[in-house]
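Labels run A, B, C and D following the written order; every chain starts at residue 1.
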């Protein structure tokens, strides 16, 4: 097994971890699964850095581990502790069904990935492409089926991971500053979202976003 | 720049200046600035239109002013001069009348007080602009300005929700009109590549959709059936001077645009369709308008519906003239054209007169409800004579100008019947003559009703005893217009020959009008009346005053007079299907046949057009809006789902297109 | 000059005579003795000499309208070709005549309403309704005549110098019928209005003039009589023209015929008023429909005539 | 004339640095009056500076001027830069009056106002950066930055509605923008297939080598970016966050959101559609933009019929205008797009600022409870009516001309269905706005006395600008259709 195929496997592992994340109603478990999946993607980035010899990828992988895999889950779990909400108050779609849907979506991702043109470098990247599309789907699924504000943030971050992985695969050589900027934006977004989650709990005494329907026509 | 241009520019600045000054100056009476400004501008306009009557000029605004695609350009030609003259002629008495009216009407405080005068100046200015506009964009600029300023004027009594409703209906109708006009002008532009009116070939068969759209837009503004619904809402709510201007001039401006676009160089093979549309819409609106006018109980609403009638007559005349153009029949064109323009002038004068009279009554009695008015004959003698003049004129009775206009139309129709247009055109023309006769009879009934309910009979309302004639300036406005009615009739052959110069048509109509010789009729009738009156009074018989005949039962109560509904009931029940006329009687009591305790009769009517045509459209929009609003249900999951669905949709499009 | 003289005599005599004749004929048909033939004439002068009572609520319009109506009726008599020997007047326009008639109605309606009497009000309401029903019939039938004459000058339209073809026969006769039927309604005769009942509330004309008295009433009655004879004469002229399409009598004969036709109409009116009952008000439109149908026939005939 | 124009870097740096300094000042100074006066003064200076910067572009040949790698300024960007600074200057000036009244009425907390100024100046900075970016990545970062910073403005009131609106705004826009990032990645990938070795995100390079871009990836990239920035612009059916956010933010912030932020997203869409057009296969993308614009106009017109909040009403009207601008972009007419944006921003800012005063006067934001404004404050009612008229595109105000030209161009392009959509949407929208405004103005007022006096200096000035724009726009502005 070459290093490259190992990185492909890790990418798929990240996708599978995120599908598993859909299978839990416990918010802290979700965060853990998310953190592991992000770490896996960071690992993919690191491996790619090794394979391609692009040192700035290593930097990105490092930043990712620190910010997205460590700080964000920590920050969110602290918020969970503060507001004392640990479980989703009931999902829109039953949890097992959501997870199975995730698996099906992964299959669809595989089909879609096959349709994309190969990258110019010629490496067979079906695995990581599948993983990234699947991560996108899973994130969207998570956002759509979960009711708490924190789950939505996690879903959004999962989608972001998918995009990152995709950029890593398809668009090798994205400028470092862009990647860093994106990371910064994500960081700020999570901070703001966390603050607002806190505020939602204070104002509404729940963080169930399906019940935020005062503003409507 | 010649003197006409200078006069017009002068008038423009005076109007703009008085608008700005009356808006900004923090004085008790903004009318002190605005009314003299309007009068001065009207004089300048009259001078310009008389001097410029036989001139063809064009000028445009200086360079920094530009409407994006076309300059702000104006054109002076005989047709425009004619309508400018009409505008200024009406503005003059209205400007004199308005200050006293507003003072008496107590609507000069709050928003209305501050906006009335600036809006009035802008309104007059924009009507002038529409008349002089030389290209589509200038036209629309002033057209919208005219609509908005008049809407603000209609909303003068903004506290009343009725006024708000009127403005909504009015602006809605105007918007649809502008949309039609805009689309039509754009289509014209795509054909000709030029925004100026002189390039528009409305008769070109390729431009037929554009021409029909423009016609529809103008018909909405003119208040032709079935687009007239805004008129009876907007006119009653506006202050009387504004109603006078709207009804007397503004609807004419739309008709003016029809003449400008469809007559000039625009006659072609497609003009026949336009002529048919005009004739049919004109005929129907004449009948419809006068029928609804007859059954109205609000004096100004009645006048508004009568405007629909008269606009119909003018459109009918235009259709006839267009027929003449299409079939190259000089006599038909001459009579039709003369009828249209003469009636524009005539109706402008007498409808303004009637609105001013109605305003005078309103300002004295504080009601326009015909149920609560009557017996003002002794309190307001001048207003009564002026209203009578207007009523005679608008019922097309000789010897006033209304008659001359209708006479020309009859002659035009007869010329169609005499001409060689197969069987259909003459038959239609004779049918139209029949309809006109019916319209004449209805108008007579309508205005005799309006006149007697306001002025004749015994007072129904105690306020009548306290009523006094309105202020001298208001009387002046009315008398001026009444005399204008008479002058217009006396000088009819002169005016008609002027109209023929405008239309560049055969001088047949003026010759015929000269033969009709209205002055002679007036002289004979007047002298005969004087003679008979002298004969009767000089005989010196005693005249004894006594109570009205009450069958010997003692004093009649003032309610024992014929009321509005009972007067029109025979006619209304004749036209029951059109008016959706219903009469609900209620007689209650233990022995209800002999000792009724409660007796009430209520009549109701409505317009099928509103209930069956316009309301469903509004309901459709509301239905769509309600259902769309469900999309915005507040759930963030739903919103996210929309994003994803859109994504999938776009991806499918991207893959398969 | 002679025709002016003759015409003046006819203008003065005929109105009174017509009303008197109708009354006399009606009385005789109903086996009554009836008033003298010249009773309307006597009445006129008697009324002129009487004191006039005017309502407290009436305005100057009340007396003005009576005067104006008489003048209008006289003017109409001058311009409408109701006698074949009527001399040419200055203005003889068709639509002017029709609308002067309308003006006359307008004034009579105002007069009826001025005092605020309930009777006057009902009369006026009915008069207005009748007039708008009758108007299309009158206008259409005369317009049809104008079409075949190719002119709206009444003198030209009713000129015997113009060639009369057989085609015009239908137009003239139907126009005449329409005018006659319309004038019965217009002038408030049976079957639309019964001028002899005792209840004014059911009437049109009598209800309208209920407030008039003395000289005022005299003027009103004279104006009415003039209108009556002029309308009958006009309808009669149409029939004479119809006749003229077939035979061509002398001018002097025509003069006598025109008088005879008026008499015939008087006779018919008297007969109708004896035989027929008054229609219910709601059924009046059905009656007027006949007049309008006749007018439409005339119009149709005129257009067909143009074709051939 | 020099071939490449020089941009005065000092002024540019000052332009960028000023907001940062202001933000620090807002957090450190104590007195709100000082903060607000300095901020409004500096914002006007910024407007002047941007005019000074951009003026050379309009004098010369007008070729784009590179500033730094990845940053570039051309005529369109320069125009939008000036517009954005103008909108921010007006809003911040009005904010001075607005918060003074709020504080006087005791409806405001000092700390929040301070934060408001901090967020507002940073927000304005990030909006200005959007127009200077030549790099899709930078542009993405700047636009996401505007989302995050303006979330602070929407959050300003901190009540339940504000929290809800902020949450929706943040999540939906972030998801949308995430798709835009994906689209950016696709575009980058598409450039690696021969167009630019190693790939590029520079828009000028992408446009220059457009025909060589990998077709399928480019199209996917366009779709994702369009979806993302369309969400940010409030295109139907992605507009769901917009009425909430615009109505819950304080009036000056609403004005900035509506008058400046929407332009940023639309500018990004315009840049992308430029790239698509340059490939020579732009029919799909321009058709897509045109259609979505037309549908947006129609639907928002219908949405306007049933409204309950004053600022929500104007928010939907903004969506309608976004639709119009999309149509202009779809027709490929940059000057027309800018003209529409300019007129809309000027009128809408006036309207939102006036609405802020109206809400202060009547003490409610619900249309149902607002009655008789004509009695409460005649001047305010008049300004509201005129501003509404101006927004609806009636002459003599400015919006009339771009709307007219948009219709004309749609007709010239032969797109009659879209033409019908736009015309119907505009007519229905106008009638609906008229209805609501008249209901607001007429009737007898609920609170007998106005709760506050309006500050209408800024709106009146903006209306005058709109008037001038309506009467004095020469044809060369868009080079003739």
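Simple rule for what comes next: a residue touches a chain if its C-beta (ideal position, glycine included) is under 8 Å from a C-beta of that chain, and two chains touch if they have at least 3 such contacts.
Bear in mind that the values here come from a model prediction, so they are computed numbers and not experimental data.
Enquirer: Which chain, with its centre taken as the mean C-alpha position, is closest to the global C-alpha centre?
Expert: B
Enquirer: A-D or B-D: which has the larger count of contacting C-beta pairs?
Expert: Result of the comparison of A-D and B-D: B-D.
Enquirer: Please report how many Å separate the Cα centroid of chain A from that of chain D, as a whole number.
Expert: So the centre of chain A lies 31 Å away from the centre of chain D.
Enquirer: Roughly how many whole angstrom separate the Cα centroids of chain B and chain D?
Expert: Distance between chain centres: 43 Å.
Enquirer: Chain A to chain C: how many Å between their CA centres?
Expert: Here the centre of chain C sits 100 Å away from the centre of chain A.
Enquirer: Just curious, how far off is chain D from chain C if you go by their C-alpha centres, in Å?
Expert: About 78 Å separates the centre of chain C from that of chain D.
Enquirer: Quick check on chain B: which residues sit in contact with 2+ other chains?
Expert: Those would be 629, 632, 636, 640.
Enquirer: Hunt down the residues of chain C that sit against at least two other chains at once, touch-wise.
Expert: Within chain C, no residue contacts more than one other chain.
Enquirer: Show the residues in chain A shared as contacts by 2 or more other chains, in ascending order.
Expert: Each of 140, 143, 152, 209, 212, 214-215, 217 in chain A touches at least two other chains.
Enquirer: Pick one for the touching-chains graph, please: line, ring, star, complete, other.
Expert: other
Enquirer: Can you list the residues on chain A that touch chain D in the complex?
Expert: 116-117, 119-120, 136, 140, 143, 149, 152, 156, 159-160, 163, 166-167, 170-175, 177-178, 181-182, 184-185, 188-189, 192-193, 196, 199-200, 203-204, 209, 212, 214-215, 217
Enquirer: Quick one: which bits of chain B touch chain A in the complex? Just the residue numbers, please.
Expert: Touching chain A: residues 629-630, 632-637, 640-641, 644 of chain B.
Enquirer: Inside the complex, what are the residues of chain B that reach chain D?
Expert: 64-69, 72, 110-112, 114-115, 137, 140-141, 144-145, 148, 152, 155, 158-161, 163-164, 167-168, 171-172, 175-176, 179, 182-183, 186-187, 189-190, 621-622, 624-626, 628-629, 631-632, 636, 638-640, 642-643, 645-647, 650-651, 653-654, 657
Enquirer: Any idea which chain C residues touch chain B in the complex?
Expert: Contacts found on chain C: 48-59, 61, 63-64, 67-68, 70-72, 74-75, 90-91, 93, 95-96, 98-100, 102-103, 105-106, 109-110, 113-122, 124-126, 128-129, 131-136, 138-140, 143-144, 146-147, 150, 152, 210-211, 214-215, 219, 281-282, 285, 295-296, 299-300, 302-303, 306-307.
Enquirer: What does chain B use to touch chain C in their complex?
Expert: Within the complex, chain B contacts chain C at residues 374-375, 377-378, 384, 388, 392, 395-398, 403, 406-407, 410-411, 414, 417-418, 423, 426-427, 430, 433-438, 440-442, 444-445, 448-449, 451-452, 455-458, 515-517, 520-521, 524-525, 528-529, 532-533, 536, 539, 541-549, 556, 558, 560-562, 566-571, 573-574.
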